[in-house]
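In the two complexes below, subunit A is the common chain; its partner is subunit B in one and subunit C in the other.
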Partner chain A sequence: MTDATAQSFIDTFERERASLPGADGWLAARREAAVRELADAGLPHRRLEDWKYTDLRDVLEKAAFTPAPVHQGAVFLSEEDTRNGAALFHAIDRYKIVFVNGRLNRALSDMEDLPEGVVLKPFADVLGEAWTKALIERRFEINWQAQSVSALNMALMADGVALHVEEGVTLDKPVHLIFLAADDGASHMRTLVRLEKQAQATVFETHASAGAAHYFVDLVTEVSLGVGATLNHIKLQDEAEDAVHLATMRAALADEAKLDSFTMIAGGGVSRGQTFVEFEGRAAEAHVNGAYALRGKQHADQFCVVDHAVPECNSHTHFKGVLDDESQGIFQGKVVVRPDAQQTDGRQMTNALLLSRDASINAKPELEIYADDVQCAHGSTIGELDKDALFYLRSRGIDEMTARQLLISAFLDEALDYAPHEEARAELKALVAGWFEAGNLSAEDIL
Partner chain B sequence: MAAVKETVETVGEVEKYKYGFSTEIESEKAPIGLTEDTVRYISAKKNEPEWMLEWRLEAFRRWKNMEEPTWAKVFYPTMDYQNAYYYSAPKQTAGPESLDEVDPKLLETYEKLGIPLEEQKMLAGVAVDAVFDSVSVVTTFKEKLKEAGVIFCPISEAIRDYPDLVKKYLGSVVPVTDNFFATLNSAVFSDGSFVYIPKGVRCPMELSTYFRINEKQTGQFERTLIIAEEGSYVSYLEGCTAPQRDENQLHAAVVELVTMDDAEIKYSTVQNWYPGDENGKGGIYNFVTKRGDCRGKNSKISWTQVETGSAITWKYPSCILRGDNSRGEFYSIAISNTKQQVDSGTKMIHLGKNTSSRIVSKGISAGGSSNTYRGLVSVHKKAENVRNFTQCDSLLIGDKCSAHTVPYIEAKNPTAILEHEATTSKISDEQLFYCMQRGVPEEEAVALIVNGFCRDVLQQLPMEFAVEAQKLVGISLEGSVG
Partner chain C sequence: MLEIKNLHVEVGGKEILKGIDLQIGAGEVHAIMGPNGSGKSTLSYVLSGREGYEVTQGSITYKGQDALAMSVDERAAAGIFLAFQYPIEIPGVTTMTFLKTALNAQRKARGEEELDAVKFLKLVREKAKPLNVSDEMLKRPLNVGFSGGEKKRAEILQMSILEPWLAILDETDSGLDIDALKVVSEGVNALRSPERSMLVITHYQRLLDYIVPDKVHVLSRGRIVKTGGKDLALELEKSGYAEYGADEAA
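Right, the complex of A and B next:
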């Protein structure tokens, strides 16, 4: 089957191959393989079960993105942008790495004075190191249909960041990755995170527009946690209305490692967030949580697979969302407990509030269990705002708009409580509280 | 935990004994393979009118271009549809003369289930005419129904005697082109039941396939059509708790239910076909399409199933809730053991206003079996105030089995309230300990706990089925501990 859109990406690869990172090393062969994979399979479409609710092929074909140019001149954030997610976390003391149109912008970044034992560099600079190669070449045992898009990223990834924390080191400040789109077009990025034994780090991720309207963000994040390592991760997605956001995170956890990831989706046209967690060692723990507040014609698809390959691990997934106007929300989750992965505790929950007649939600929380001594549960609820609660507030003189907003924030707050960083959590809550009127966040200096 | 294993093993072993079952019914078979001629042959054998033949042929032509579905979580060798018989007429003289000739182990199982002697004879394949005075039973039965105006007959008879009703409703719920197996069934269906309940009639008794004398050997491609007119009610029982043997490996049945305003159909199934031996050899492949259409306002369709047999079960009894205020229910117990594979669930399609549905699914997986719940709850845009509650629980017994849950929940209307919850666990040591500490032997304790686990569903079965089903659950778990 010919897939013209996949072909256009392959054409881009042919044009740019010489300038892509690692063009003269081992990575070149991997890229070639990925291109063949992409050519054979094409982009994923609705007839693949994992893509049932998001036809990426169709979306990208209609959008017809061209590669994003290297941005020239200063990056300008409009007042509109500063009111939204782009402004978040700026009050928190942190290391800052800014990508504009998918390329590192050193002027805006602040990655100096890192503690000893921490490497934070563009991944192209550390391609020679064993750990980056291991992460890039890593194959997960179960090959999901949903992972097929990583071939696209493999072929075209042009920039990105590599974070390495040595054994026993705790990163003193969060690392904030800021991905801005200043010009229209497609950008492909890769993030590599490796925490050695007992290392700890917190990573924030912000995706927002800095003037661009029609763009495609393709990001793959590879995470590898050593024994007892802890990674806290908060992602805020606040893309432009006409943007397509495709993000895949794959994490492998060694014994007693802990991943705590939280995703907030506030903006974007069509977005697909994929998280794959594979337990490699015992007694590890993964939290993959999130919240979304959608309106307009936004379409947000969250896809999450937790693979309990070994015994005694815990996983917890909870996504909550509100959907207004004609927005569409999707939650597809899967907990796999493989044979012998005894004493697994796997939890999965999704709740959605439909605020409008034209909004819709699809949920598919799956369990696949091959071991008997396990505790697994999933739940899903869908409904509208509680009329009695609304009446209660109205009867006490609170106007409808405020009452609704109160109930919505209360609903989302429960999910936001999972965000694994106190100050960041408070900022996210403020963002959600202002969801109805995006005007009440201060618009001071941004980055 | 070998409890369930043992049971199914027991049942499996029992089934290994072939005497009591005829194997030499060559004479009345249609030629091997499936061609237009086979379809014509079947139709001619049944003296069907021209329109029925056309209907079958149309299905067959469609089927030729269809592909076998692969999305279910079941694995089996590729079936050669051209290397099978699609019609074999029953032979009256093929069975044993009396129960003395029947394998004692089989009888033991019947005994445990508490099946009456006369019924045992029928189940064991003892030539009914010779020993079972069924004629009188059936006669009284038929008279009573006639009085009420209920039509209950083999579908082949209905095609001849009530062509207008059949023409109007056959294929109206499960279209000829619905899916691979339903289309196959449409082309070659052997027989099945036809039930018509007239307006305002409450069927005076529970209808059961058991009472249809010519039931024997028609199980392969069964076609059932039940129509409940305005304000009527019927409860229909299908199958039986005792292990059943069948010569045909592939089963592809279609069941269609239609309810008009204020009507209700309660459809209960107990399926205990041959599950294959301990290595997963043999056994029935059961690919069933069951669907109910709540066409009228305030109508209700309720599916209850106890699935314990078959090597492969592929079955999704569904409800189309078209009429306002209509209600769909699905209660299921699926027990799998040895190498059995179950992929079953339901679809609740909410189209009308104020429609509600309830799904309770209990999967019990033991041995090396695989048990999947696959369900869809879909709320369409114009369906206001929809309510759904779904609960699917899985119980794992032993560490070689697997349990999966694949629910799809789709809502396009904000007034819908949908709740879904699922759990997977094993029998907890605490529960076992509690029972045993009070003097309940381990085996009984397991049966007790599992029966408790299934209670919500068992309660939905009609009385006569419930007692047997409860025992069946117990038997299925015998020897599974220790």
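Right, the complex of A and C next:
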């Protein structure tokens, strides 16, 4: 049933359809179908098991986002706006692609001088290519309720980037996608990544505010890894306090491909991150890890499904988080091992540290196993800061705040160690170490 | 240095210390002996300010100040150090990071300049060597996976670096082999000075051959029931605690 909020997105589609990328090509029909899907099902709500803890319909209805305007003029990160996250990774030599309000900002981007065999373009420019069509039209074997939101993105995606790396090519520097919200409103984006056989790339993503307070980020990332390809991925979500962040990553891995993805959640009002991994070839490996540090009334929901359909693949998922004040954390995860997937090694773990009585965590890691020769494990722990450890540290003269910070950092560091890039990892650790400090970095012209 | 008067302490609603009087002058070393469960560790925790140890009566005066009014870390910065009977494991925090944070926190609290990385490293190396604490141990998370003896040596290393004015050693000798006992005792003796006082809790007279005390107290059922010179330890070694009512103890 169409709800009012879904209808308002459909109205937006009707108004903007002619100007959306691919309006006169094959994508138009896909968008039409997505709109029908959205009209039939509406936005997901808490009566759906996969959305039990995050009623997206309710969240979006209350927030009543209108489309974000195309941002005019320069982008400033004022001292107040700039969150620590927006300042990260700038010291690392990388290709930089900046989106403002969901639109590529060429002036701030630096996508020149790419090595031979690498395409990095707005997806609208490469819609005519077979690989982009294949990625956009791809259907996953199991259709999760959680994936229903991809219809919203399909209908409205207005910009985004496509990265293609040819066989055997290693991208020399990380690609850094920076998504900034300069004005309030909703933006819908799509990232496409295709690494051919034995290709390698590293992609960073930063999501932050540059002046906006009340906005909705809707991003779908499609990843396809060829035989023996490797993608390292680090995502930092540090949105504004009233922002809604909805991100879905779907990855399919061919034989011996490797995905190493790490997500850090620091800022954002309501966020839902979804990861779906499908193994298509043998002996592939997926790491989907993350850390979060929540406070205030932040609500962060991570949903992760790894589908082992073929033999000999490894998957490892580990999320660790600290929750202060009245924040809410959710981890829902599933490892599915289908009958053919012998010799699977599938692991899923989550640990949370509650720093306040009013903070809460719901953790539900699950295994669904139909093969017999497998090694699988899952688990979750929820705890508080160890009082004895605090006393021990304080008995050596370390004040309570510092002692707490030391223990919290130590707890999160274990997860941060998964981030697959040394310098980025160090910057993330510094961000976490500064989590307690109220003041942020001064911004100036860091972009 | 330290003056404890009529100290009554409850833990979990149960009175454990029932009127302790103890005075330790500057430069003195006092030993406390006593049966299991008599309240020795309780006394050490109360001195360092651990939560959950409720002082219902009496006072603790340290260097002329009311220690009970000071927080755990304030007491530490003022020079009270407890070598734990059971040192706590701190996963994820390396021994090195911990030592640096602790030393600089204390220096900062006292208005002294913090040590930079180079000076700090030099200091740690110098103090670690005589205690046989290896670089590898310093890189490991604090106390995690340390053997019993290693934990005790790490405690003494902390003490040597922090240079407290009042050191409380709670069964630092238990779990040490004969060589380690010597090494640790030497570490402790190196700190002895006319301005520094020590309270050594032990079950074994042997430790007191190395760290020779000025006074020995017997703690039984929450009270100091006897005080004597270093020879008292030898007597206790022979006769046990029976005459002090240990049999009736909790």
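The rule is simple: the second predicted complex is superposed on the first by the 433 of 447 C-alpha atoms of A that agree within 3 Å, B and C clash if a C-alpha of one lies under 4 Å from a C-alpha of the other, contacts with A are read in each partner's own complex, and residues count from 1 in each chain.
By definition in this document, a contact is a pair of C-beta atoms (placed from the backbone, for glycine too) under 8 Å apart; a residue touches a chain by one contact, two chains touch by 3 or more.
All values reported here derive from a predicted model rather than from experimental measurement.
Look at A:E49: by the touch rule set out above, it reaches subunit B but stays clear of subunit C. By the touch criterion stated above, A:G397 is placed in contact with subunit C alone, subunit B being left untouched.
With both structures placed on the common chain, the touch criterion links A:D413 to subunit C but leaves subunit B unconnected.
Look at A:M111: by the touch rule set out above, it reaches neither subunit B nor subunit C. In the superposition on chain A, contact is made by A:D388 with subunit C only, not with subunit B. Look at A:D340: by the touch rule set out above, it reaches subunit B but stays clear of subunit C. On subunit A, the positions that touch subunit B within their shared complex are 49, 339-340, 342, 352, 354-357, 359-384.
Interface residues of subunit A, counted against subunit C in their complex, comprise 386-389, 391-400, 402-403, 406-407, 409-411, 413-414. Chain contact summary for the complex, subunit C toward subunit A: residues 48-51, 71-73, 75-77, 81-82, 84, 87-93, 97-98, 101-103, 105-106, 109, 141, 158, 162. Contact residues of subunit B toward subunit A in the complex are 1, 71, 381, 394, 396-426.
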